[in-house]
């Protein structure tokens, strides 16, 4: 039960980091799917829909992610819905990620010069076709740097799943610290592993920004 | 027992403990406000150092910023609370929370403000020197003020994130709103009610802060500069 | 056109969510149903030595874990262990995620409003733990001290009710957080289970820990959903048997420093 901090512990932490990566990918894929829908709806030519989506984004962005985790983990349980820590985490991160990605992507969609929309209309294309054929390809270019940058936030955000008992890297860290009690070594290693995952993504985002020579977009982050 | 949706909601149980929730909310706001002030100060100092400082300073600031921005806040918090005592620095939960939050915000605001500081034209500073302004005055009026105005939206977005991030300090037993919610939940088990109420409280606090930030802009920046 | 597609997509999501809502119903679970299903799902807590903890190869072990395995052995089905934390025990039952809870589940009348308990299979005192060098004999000596507890646990209830003057109570999310706080000196004392502190390392300054005084005694029962008299009766029979056969006492000696199992009341 009581051990010293050796390379075996480092290995256990690296193993736990698998879950961090899997959770991040799940959050990104699910959150992205919802987010793109919301982003498109946000610029759709129907005022009620735009306001609804704007409200959704504003509301979700005002809830702490930890609160979403707790709400889904404990709250849904009492409706008889089977929710374990993994499902609660995926649901909570999907919701949060969808709102933030929707905002980022909306900005990119709107940054495409409005002349493009007019030109498309004069060619007889409707909203949907214009979006698909003309706007999205250009917006995607612009969206790459902030999206990759936001991935960093998603990875860091998964650490909160520890607080509802999901064993990813942060939780593994506290468990191992209890067994070995070497907080400097344990949390230092945990921080280093996160850094090794996140820093390349940050660098990539910056590199893409320079490569594609797009304007700087501020990414919401903590 | 009850099947799905057969559950009887009892918001009364939660509302009975509303004073505790309010106290938690007050703590959340206090922690966040203090963090915003000191975090911004650090950010200002760092950003000026990064743009105008000598190379060692620039390197130091970059390392600080990169480390904080690429590691989770929760881990930074754990480090301050559980690991610093090993170095002889034992801080209470509240103090640890503030230190971790300030250090965290400092790194992010350093990046944000730096964009604004870089945008200040060289000519403006030279003009200031030519007019005989002292160094501190140049910094205050010709660098800090325009920079803050330029990056105000990004900065206040980050401040809102500080507010939301304060919920994480519940993990080291600081009695802010999320911690109070967890305590009430562990005693009454009325999870859905308690977390719904607290979610609404957070949204209300955030909307209030957003409004305050907008008015600050109107008062400070919109009339001058 | 696009708007119709979007609306359809959202509607589809809503339908799926709705289906998810009604997917699980609180059907009564008898012993036969569990056996027919082919496995029994039991919730445990791995952060509470010596009842639930992780061993050197990161597998769950402890008195609770062994009792859970004994349940499976006697039902002749494999056991699926689900790890929960302290506040997550009742929700895990109510949402049908697990069949029963064996996780230092203290028997209280308030909890019995939401779940049913078997007769006790073990018991523990919540005690106050502090460094050997400190002189704490009773609640009054806690004045001016910072005491850590696990939120909602037995020691939390006891200390909150005692409310000694001048004491600062710090509530942490789980056992490991309290332990880390104690070891790093962030708190002066902690509430915990008896025999839990022998598993604590020496602290940051090399100090060792010991129990100071008991806070509250409680007995642990196996928790199940209310309205399952058949399962409850089987579990009571099961507990009676492992008490009688000496298996329970053997577990106590194995994990609690050779101490015999305490006398367990029945109800």
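When the chains are written out, they are named A, B and C in that same order, and each has its own residue count from 1.
In this text, a residue touches a chain if its C-beta (ideal position, glycine included) is under 8 Å from a C-beta of that chain, and two chains touch if they have at least 3 such contacts.
These figures come from a predicted structure and were not determined experimentally.
A.B. asks: Which chains make contact with chain A and with chain C at once?
C.D. replies: The common neighbours are B.
A.B. asks: Would you mind checking which pair of chains has the most C-beta pairs in contact?
C.D. replies: Looking across every pairing, the one with the most contacts is A-B.
A.B. asks: Using Cα averages as centroids, what's the distance between chain A and chain C in whole Å?
C.D. replies: From the centre of chain A to the centre of chain C is 33 Å.
A.B. asks: Approximately how many whole Å separate the CA-defined centres of chain B and chain C?
C.D. replies: 36
A.B. asks: Taking the mean of the CA coordinates per chain, how far is chain A from chain B in Å?
C.D. replies: From the centre of chain A to the centre of chain B is 20 Å.
A.B. asks: Give me the residue numbers in chain A that touch at least two other chains, ranges are fine.
C.D. replies: Expected reply: 74, 76-81, 163, 174, 177, 183.
A.B. asks: Which chain B residues touch at least two other chains?
C.D. replies: Correct list: 3-5, 82-83, 86, 170-171, 182, 185, 191.
A.B. asks: Please output the residue numbers of chain C that touch at least 2 other chains, ranges allowed.
C.D. replies: Residues 21, 24-26, 87, 91, 94, 173, 177, 180, 184, 204 of chain C touch two or more partner chains.
A.B. asks: Over in the complex, which chain C residues touch chain B? Could you list them?
C.D. replies: So the residues of chain C in touch with chain B come to 21-22, 24-26, 86-87, 90-91, 94, 114, 146, 148, 151-152, 156-157, 170-173, 177, 180-181, 184-186, 204, 225-227.
A.B. asks: For chain A, which residues are in contact with chain B within the complex?
C.D. replies: Interface residues on the chain A side: 59, 61-68, 70-71, 74-81, 152, 156-157, 159-160, 162-163, 170, 173-174, 177, 183-184, 187-188, 190-191, 194-195, 198-199, 202, 216, 218, 220-222.
A.B. asks: Please output the residues of chain B touching chain C within their complex, sorted ascending.
C.D. replies: It comes out as residues 1-5, 81-83, 85-86, 90, 92-93, 170-173, 175, 179, 182-183, 185-187, 189, 191.
A.B. asks: Which residues of chain A touch chain C in their complex?
C.D. replies: 1-3, 12, 37, 40-41, 44, 46, 49, 73-74, 76-84, 126-128, 131, 163-165, 167, 174-175, 177-181, 183
A.B. asks: Note which residues of chain B are touching chain A in the complex, please.
C.D. replies: Per the touch definition, chain B meets chain A at residues 3-5, 7, 66-67, 69-76, 78-79, 82-83, 86-87, 104, 108, 112, 115, 153-154, 157-158, 160-162, 164-168, 170-171, 178, 181-182, 185, 191-192, 195-196, 198-199, 202-203, 206-207.
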